[in-house]
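Both of the next two complexes hold chain A, though its partner changes from chain B to chain C.
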Partner chain A sequence: MYDIRALYEAQTVEEALALRREHPGARLIAGGSDLLIKIRDGKLPDAELISIRGIDSLRGVSLEADGTVRIGPLTSFTELTRDGIIKERLRVLADAAGEVGSPQIRNIGTVGGNICNGATSADTASTLFALDAKLELRGGSGTRLLDIAGFYLGAGRTDVRENELLTGILIGRESWERCHGCYIKYSMRSALDIAVLGCSVNLRLSADGAHIDRLRLAFGVAGPVPSRCPQTELAFAGAPLGEDTARQLARSAVSELSPRDSWRASRAFRLHVAEESAYLAFCECVRRAGGAI
Partner chain B sequence: MGYTGKRMPRVDAKDKAAGRAKYAADLCVRDALVAKVLHAERAHALVRSINTDRARQAEGVEAVFTCFDVPKYYFPTAGHPWSTDPEHQDVADRLLLTDHVRFWGDDIAVVVARDELSAVKALRELEVEYEDLPFVLDAQAAMEPGAPQLHEAFPGNVLGHSSIRRGDLEAAIREPGLIRVEGWYDTPTVQHCHIENHNCWAYMEGGRVTVVTSTQIPHIVRRIVGQALGRPWGDVRIIKPYIGGGFGNKQDALYEPLCAWLTTMLGGRPVRIECTREETFHCNRVRHAIRSHIISWVRPDGSFAARKLECWSNQGGYASHGHGIAAKGMNAFPQIYPCDNLECDAWTVFTNLPPAGAMRGYGIPQATFAGEAHIDDVARAIGMSPLELRRKIAMPKGYRDDFSGNVNWSDSFRACMEAGAKATDFERRFAELSKPQTGNIRRGVGMALYWYNTGVWPISLESSSCRMVLNQDGSVQVFTGETEIGQGCDTVYAQMTADAVGIPFESVHVVTVQDTDTTPYGSGAYASRQTYVGGFAIDNTGKILRGKILDYAAKLTKLPAGQLGLREGFIENDRGERLMSLAELATEALYSMEDSRHITAEATAQIKSNAYSFGCSFAEVEVDLRLCRIRVTRLMNVHDCGKLINPQLAEAQVHGGMSMGMGYALSEQLRFDEKTGRPLNGNLLDYKLLTFTDHPRLEALFCENAEPTSPFGTKALGEPPACPPAPAIRNAVLQATGIAFGAIPMTPEKLFRALEEGGGSDV
Partner chain C sequence: MNDRQFKHIRCTINSRAVDAMVDVRASLTELLRGEFALTSVKHGCDVGECGACTVLIDGEPFNSCIYLAVWADGKDITTVDGLAEPDGSLSPLQQAFVDEGAIQCGFCTPGLILTAQSLINRGEPLSDEELRRELAGHLCRCTGYENIFKAVRRALDESLGKKG
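Moving on, here comes the complex of A and B:
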């Protein structure tokens, strides 16, 4: 029982952009795992949809000459978890994709949809924040590249402009080379759930393996949109590895967060979970980098 | 006995696995109209008006009816057998649609359209004008003077109050040296979450109304539809095909009366109502949230000098099953741990929450949480192990309850406790884990007993009917009014019939569909009654059929019937020699030109007995203090449900109940906005039903003490498995952390708050 007035199917990016011009009120649909739920709930009456599912060029992962990992936005979560390039270089992203919903949802849902939907709880979003992902958007007047952090305008709102289409998610070499990441999803059950809090840490150690060289901390559900902790990242660059650093860094990170009180979880509880998650994720990154803590 | 006691495969397994089994929606005709109900978006209000103009004109709409259009036949919905004594009849407080909204989601109008989408879109075109009334969500608050009133007939919102007074509490508590232990225990509103949402469709034929429905209780629903429509009960026909579970939610008339009425308003055209999952959460039935207050005056040796219990049961907006739930829970209290000086009170109170009805365990999961959490609180207070305390004070062998006539024939509590304690090494683990623990991960073990009853006698009628029809090939059709709802009764009935008649299991064809036009009366799937009461009816009917067969065999063989037997489908003489097959006999009997007989049998068994069914849970947990997580690492249930008819199905029943108990303990709770009464999490994402990955391996043990009153030695197992896991887990958390949770579910957030408040400091 879906209140859908029209469905237009694009086979190429150009067709999709043309359809967007012809049907300015239409919504883009990829996997549909978020959108169809909204339609079923009556939130998009008389929906007009442009399906981009058939655009094969937007599917899959590739490695560019400069070491940038390019992820097609139509790549499903399942594909992400199994992709060789991702598993070798960005294991944390494969792990995050593997936390989404259930096998069925991971088969249908796409990483591009996960971002464009604009939810703070999206499992891959906080990791893409930690990886400084860049988004490639193609429109009638050309292509723009923007940081993922600038893409989120507010809860459920992203910067996909009229006549635009997300065509690539790019992760630069500096975010995976010698980097180790860890994503922790805190939810009430171990499958088929939405994050109460998500924490993704990305770490590069110094050459001697004893200090933090570069640190990235990103959180989901700690605010209306996924967010980073720039002050903590800066403050702890160069810090020596150790239990004290891990604890201090986690405490510092949560001071940069502003989760809300809701019936799903209180602000105090989310902050507590954020701190514990940051600590555990950081420690795991150190272990993955071959360090001890 | 040949087939009972064996792990026979389910008779419906292949059809269900292959998708051939037909459910109500599979049977629905293609041209059925679709009805969608408009649910009030107020917790308490009067409907002033509903403007239907735009909805009526919407595309595809056939009809719109509002609360101002329905007949004023008030009807009860509870799935109880009718009582001819007006004093014992269920409260008739429902209309098909209401202009007095008593909970958020109450039914106020209905749109009938040619398809679901048209109906849903037209619903949005209805304009409702409400007069808001103050509302109340808490049972104790609803009893206070000045609280909003829900039903004129029940001033003070009290639907029922019952009490027990025994001995002299005031005198007893003056005994020197007593230790007073007091606790408050809260259980949440939860929902059944059966797989198939309730749905039904109705049509007319020959001036009568037929409803095909997903129900546990077809014969009872027939009576209720008759009452709601003001039609003679024989004018109504209910067909119950396979259903995808019910757990008690479908032990109520849900949308069958409305659906039946709609077809009568539309010239008998077929009309269908199917609840969404959200409607199943908000607009069907829920489990009563019950708050209990217990005080025990205990001697240092663990024996009780006196006890006091008060409980408040949150009924929601309508009576449904009403006070029976709280009363059952209260009545278990003095039985499981007998005590000479008692004061017990239970109140069932209307509030502006969704109506609470039957749900697996019928008050006992609530009472078991309160009662068994309290026993561990007592054990802590007097420094005794929880196992030792229970050994000492649990109901002794030979105990007889005067009201029900139930007798504790075997020492079930101790048999189950010892079996479970041995299997889990409880005493050693408990002693080990009682030593001070350090570190982030804390461990604990816990246990809980439960008390249960099999059927509803003597509170209500227990009767069950059966018909058997012999086919020419020697196979037998079996009809009963008792319903297969996923629990496997068709299979155990086939096993019982095979043994009662003397034919192979494969020769029994249990007719799974109940059609009130052709199926003999049975009350249906509720309590934990069907294997027990159905067993009487099958045994009686099987003996009659066997007698008729042997009578005809005597005629054919010219031997006295007393020297003949029927075993595995063959007529035998008294030396066990096969004389003829039942197929030969049946063919001859039917087509005989000289003495043709259609060999059938039918009997009604009225059961004026009930049977205790007891057992326990053992749980082991790991608590992550930093992440505020409770992980159940081991869970075992032990049941004395008499002789097992089918051990494999029994284990499956126990596993399902344990899972329900785990969710009750840890994660499930239907929540409502305090400011509006609006449900917050009525969907399967936000309502945290546990998934497969959240469970440890579930272990089921049985102590098979044959029940003397049952022809097959069997007694309750349907509901009991869901009763003890929650308090066992709570008690394990108590040992692990020192936190004595007084409310479930024990969510991470609640553990966080308890730890913040300094709980567990003694660990």
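Moving on, here comes the complex of A and C:
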């Protein structure tokens, strides 16, 4: 038996928000693949939970009129990997979701839970950074929209305020139209393992296909929260495609990272993996865009 | 805490409609083993890594150890007990496990067979690499996996061949 004092189940966003007001100490539970393990581990004694699993309106992917891809936060990793809109426009996100845990974990785990958890290692998080994802949070006093970069307050801490619920993950047209992405997860085992480092690149080439037009470089486990490399992205916009550019931008990217030593890997090793991953992911983006390095 | 919280749920287990009063603290593993005596659902790592507790929920494999029993309300659940014919004869997939020597201690077997059955039900061809990925959520400490892989490969190919 889990050490659960009370479980409240919401079927709608409004019910969930009402439950949050009534039970301010309660934790939200979506898939539970992180939270239940913490409870099993004794880290949340006498837990009070609000289950949002039953809110069907927060599940699934849709395409809005302006080309924004809206992802319901309760969409499972499996659903993301199979969704037609995602596969066609955001293959990199389907790939990242497919790197999570195992098939069973991908069935239970949700993309919203993946980011609300605040883990720097979350497989979809770095890709959502690279895609400039916006998060829609609904609370008692209305809805606010914020950049995913501003959502992470620190390791394991995210800006979901009291009485709030994540109701949408939005990816604008400019992040998928003519863009090609690649996510590389480095881990000891290829299944059921946490990333030692994750690297997600999103690239748009110039009209002539010979230069970088728009570049996004994002990393997981290269710092306490997922992060981007804004200086490198800016510096290499307009750079000609080629081996030198690929090597230089990878080297530049790691100068913006600050991974730590942990039992999983040393800082030096993470930096090495980050540079190689950035190089390989960038080259793969170019290949997917129809070019070659 | 004195007042334990319970919820009345209805679900289908191995094609049989059932209902139960469920302790909100219970995992689906505990419900299936404790209330329904389905001890083919193995109590393994309890943290969603070993796959021994895998069951099918609406046709997809889930680790029942990290699935709250109350979430089973309205779901269609299959354990390995639901795969054999009514007369007890084995399903083609189960027979393939026997024929390929894919079973040693048997602890991982029910979960693996259920995940494999979900792939057969999906009816899509899979490369060897894709098939290995689909089976990656199960740990086996005896067989070294090769015979398990052969059994699933054979059963999947045969089911696809029949459909084709």
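We adopt the following convention: the second predicted complex is superposed on the first by the 293 of 293 C-alpha atoms of A that agree within 3 Å, B and C clash if a C-alpha of one lies under 4 Å from a C-alpha of the other, contacts with A are read in each partner's own complex, and residues count from 1 in each chain.
Methods note: contacts are C-beta pairs under 8 Å (C-beta built on N, C-alpha and C of every residue); 3 or more make two chains touch, one makes a residue touch a chain.
Given the structure is predicted, the values throughout are model-derived calculations rather than measurements.
Of the two partner chains, chain C is the only one touched by A:103; chain B is not. Once the two complexes are laid over each other on the shared chain, residue contacts for A:287 go to neither chain B nor chain C.
Once the two complexes are laid over each other on the shared chain, residue contacts for A:178 go to neither chain B nor chain C. Applying the stated contact rule after C-alpha superposition, one finds that A:32 touches chain C and leaves chain B untouched.
Looking at the shared chain after the overlay, A:194 reaches chain B, while chain C stays out of its contact range. Of the two partner chains, chain C is the only one touched by A:9; chain B is not. Contact with chain B, but none with chain C, is seen for A:269 once the two complexes are overlaid on the shared chain.
When both complexes are overlaid on chain A, the residue A:1 reaches chain B and chain C alike. Common to the chain B-facing and chain C-facing surfaces of chain A are residues 1-3, 190-192. Those residues of chain A whose C-beta lies close enough to touch chain B in the complex are 1-3, 42, 45, 186, 188-194, 263-266, 268-269, 272-273, 276.
The residues of chain C lying in touch with chain A in their complex are 1, 5, 7, 23-27, 30, 46-49, 51, 54, 57, 60-63, 66-68, 70-71, 115, 133-134, 136-137. Across the interface of their complex, chain A is touched by residues 116-117, 120-121, 124, 626-628, 667, 671, 673, 680-681, 685-686, 688, 690-694, 747-749, 752-753, 756 of chain B.
Listed in rising order, the residues of chain A touching chain C in the complex are 1-7, 9, 32-33, 36-37, 40, 46, 51, 53, 78, 101-105, 107-108, 190-192.
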